[in-house]
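Chain naming follows the written order as A, B, C and D, and within any one chain the residues start at number 1.
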Amino acid sequence: MLWERFRHLLGETFLNFRRGGWGVIASIGAIAIAFLVTGIFLLLTLNLSTVVARWAEDFQVVVFLDDTITKKQRTLVQKRLDGEMAVRDVTYLSKKEALADFRRKIRGQESLLEGLKTNPLPASFQLRIREQYQTADVLGHLAASLKRMEGIEDVLYGQEWVERLTSLIEVMKILGIVIGGVLGVASLFIVANTIRMAVYARAQEIEIMRLVGATRAYIQIPLILEGTLQGGLGAALALGLLYALFRGTLWQLGTTASMIFAGTELTQFLEAEYRMAMVGLGALLGGVGSLVAVRRFLKV
Amino acid sequence: MIQMFHVSKTYPKDVVALSDITLHIQKGEFVFLCGPSGAGKTTLLRLIFRDELPTDGQILVNGRNVVRLRESKLPALRRSIGVIFQDFKLLMDRTVYDNLHLVTRVLGIPETISRRKIGRLLKEVGLLQKADQIPYSLSGGEQQRVAIARALVSDPAILLADEPTGNLDPDLALDVMRLLAEVNIRGTTVVVATHNPKLVAEMGHHTLILKQGRLVEEIP
Amino acid sequence: MIQMFHVSKTYPKDVVALSDITLHIQKGEFVFLCGPSGAGKTTLLRLIFRDELPTDGQILVNGRNVVRLRESKLPALRRSIGVIFQDFKLLMDRTVYDNLHLVTRVLGIPETISRRKIGRLLKEVGLLQKADQIPYSLSGGEQQRVAIARALVSDPAILLADEPTGNLDPDLALDVMRLLAEVNIRGTTVVVATHNPKLVAEMGHHTLILKQGRLVEEIP
Amino acid sequence: MLWERFRHLLGETFLNFRRGGWGVIASIGAIAIAFLVTGIFLLLTLNLSTVVARWAEDFQVVVFLDDTITKKQRTLVQKRLDGEMAVRDVTYLSKKEALADFRRKIRGQESLLEGLKTNPLPASFQLRIREQYQTADVLGHLAASLKRMEGIEDVLYGQEWVERLTSLIEVMKILGIVIGGVLGVASLFIVANTIRMAVYARAQEIEIMRLVGATRAYIQIPLILEGTLQGGLGAALALGLLYALFRGTLWQLGTTASMIFAGTELTQFLEAEYRMAMVGLGALLGGVGSLVAVRRFLKV
């Protein structure tokens, strides 16, 4: 009996769906567009912040050591650096290696170094900093406290670059939140309005059903299911379009993309959880939108 | 079956549609509700299936107090009442069959029974060959007959017919009245609102006459 | 004024509504169009104001061939014809006044004249005090009278009335018929489709009788 | 008479507008959202491409000269460079200036240069390249043809950076086109659907008007004007919201923004022409959408 009734409701939902025609297509399309735009932003933010993160990783803090440092002092410094939260890894660069490095850097002008009697370059620790600590603030503090240690001559870090990247990520986050918010509201708005239109278009049918003794649930559940279905389908459609766009863009970019994103495992699509969440959110939005519209319209 | 005690209905803007109506319609009766345009006939019918609530007074339908009826009990009341609306209230974009089918679906009547019943009723009102057309493409009288068939498809205990012959020629009007009489004989309580005094005279049933919202005469 | 030559109308699915109708309605005449439900009365009226085109035959209205009328000339034709629709066709969400006002606006009648005219007509159908209500809150008969008033507001040369008294009690029906007769006396050609033979008998005018789409009788 | 009629049509439009109620609000809202999202993208693209362009300007091509170059040869090279389309400006850097520069660059390790007898650094021309020529292709060709000149020892350019920036701009352009296209279609879709709904909701009124002899123009013009008005208002609303968002984001970012965009006259809002174009486009979209919907619905 219950199953019978459930089957009936589903049947009703699909019937309404078929009957809706152009309206239903328009509705799903609108939801799909809202999700598509949100998805484009999500994808951009995700990929770009990965890029920025990888680029940021390249930036190092360099701790220059006194030429007079003892072995024990060096071990102490190394220990201190290993224990530092912000530091991901530490590489030691001896005076010799530093000179070789420098020679490589000024390739073509090696003659500059010909007259050298002694090696003037200091030994150093090259630190790689964890992403979340790459702010001017943290690094400034770290540098200051390290400088106070014995055996350390100077601490250098790419202050300007760190600050640029930090604020770029910050901008992207704020924009993401703002745009996400706008589009979330927009989606809800579109769904609720679409269902309102659907309820409105079916006002006469609903009135007749009420007059011949249909229960509230009998009238409302198919409408809510329909909204849920529309929302889910819209989100799924958006996902499909997004994937097509993504592939198309990659193809268009060709080798160019691999150039920017070289080395990073980039150009990734949304992960499975994101995809499921999107469809689920679509269904939820559709359902809630319908519920609001139905409750509002069918008050009496 | 239907009892009203000192019932009044005032619409917004102080439009008095009914005042101080007391009446009693027995189970299985066939009652005419007469009166000029605007007398309150439709309003009285709408009170019975609780499409409107009275401003004053009590209404008992089938032993239930309609005025105090809880929302959850409303569908049960309405399922027991068939209504032929004055303005038909047909869905213009569904076939005649689907218009009737809507009711059997709401009532949960199994498909096979529903199909047979709809077929029989459409035949009785002479519209079997128009079952697959939409009401929009029917003449006024044909639409009215669809409305009549729809009201009967649920085998209601009470049938309220609001001007069911306004768009029918005299012959058809008589046919329809005979159909309602038949339904009545099978046990349904029938209330027909009309201003066709000829029909009333011919049928010779219990008649209530309304004028400006008051029950002015009762011919038993 | 209105001439039809061998006019036929077949709706989709081979529904023959009219076949081989030839008739002539003089300027200033008052004609009844009778026949049972589904006989083709409404269809015949719709052909006159070119709401439908005939499948066959020619129709002259006011000297213009309606069948060959160019689209751009259609508004002029319709402005000269007032129609009382069988299903009223009122806007349920506008006041009675606005429903009539819609027509005077389309016709470009100046506000002051329009206001006076609408007031006078509403008074004649007895609805002046309901001018600011929406048709939804009117009784069936009241709605019908609004439809009648609207058809008259443009002072049409031809008035087509499709079952204008179906929702009216005999007294009101007679009043309305008298109103139409008055309009006729002032020069308007009036065609009334009805299945109320009593009215026809009482008024005693030129009568056309349709049956199953054929003109079976003509009482001059 | 004509004026009378025009006034009437305007009056009709506003009447319809008022009557539309919730529907009109929903419609304007939908259009505003479409434009808002498009606007956000426009603003981002505009601002970011300015940033990239400024950053790109820093990248130079350096033409190293032979120590044996004659004065005449140098003048010849200079002339050639001045005549080059791709080159925006040319700065001469003598051997002495080059060494001073280098000394500055290796600040802290000046001791490296202490043993030098002669200046091993070559003189050079520092070129700044016009934006539109900053592609690996163009610069590669330029470098090759310059190398063939007498008195030129080598040509260096930041190949990697040029390529990165080039492809970043390319990605942004493609994304801009894709997203702009999607949103353009979406806007048209929403507007047409909204007007379709409006026409649909007024179907009965329109039918009655036709039956009492209203002309086509009498029925259609107010609807089309209404669509135009809705489109224009939606776009204007979007512009307002966009400005608020823009200000709000700037405020949120505070000094951070000025850090990234330092030196560039950035954080600019859309220019007057863009703003007018947006409102105009909104009105046009609204008008065309209405026209389509009206023509489609009122065919017979």
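Keep this in mind: a contact is a pair of C-beta atoms (placed from the backbone, for glycine too) under 8 Å apart; a residue touches a chain by one contact, two chains touch by 3 or more.
Fair warning: this is a prediction, and the values are worked out from it, not measured in the lab.
Looking at chain A and chain B, not one chain touches each of them. Of all the chains, the one whose CA centre sits at the greatest distance from that of chain A is C.
Chain centres here are Cα means. That of chain A falls 23 Å from that of chain D. With centres defined as mean CA coordinates, chain C is found 29 Å away from chain B. Computed centre separation for the pair chain A/chain C is 68 angstrom, with centres defined by C-alpha atoms. Along chain B, no residue makes contact with two or more other chains. Interchain contacts close the chains into one ring where each touches exactly two others, per the touch definition above.
Counting only pairs that meet the touch rule, the chains in contact are A-B, A-D, B-C, C-D. Considering their complex, residues 5, 8, 204-205, 207-216, 218 of chain D touch chain C. Taken in their complex, chain D has these residues touching chain A: 22, 26, 29-30, 33, 36-37, 40, 44, 102, 108-109, 111-117, 120-121, 154, 163-164, 166-168, 170-171, 174-175, 178-179, 182-183, 186, 189-190, 193, 196-197, 200-201, 245, 248-249, 252-253, 256-257, 259-260.
On the side of chain B, the complex with chain C involves touching residues 11-13, 15, 35-38, 41-42, 86-87, 133, 137, 139-142, 144-145, 162-163, 166-172, 195, 197-198.
Across the complex, chain A is touched by residues 49, 51, 71, 74-80, 83, 89, 91, 102-103, 105-108, 154 of chain B.
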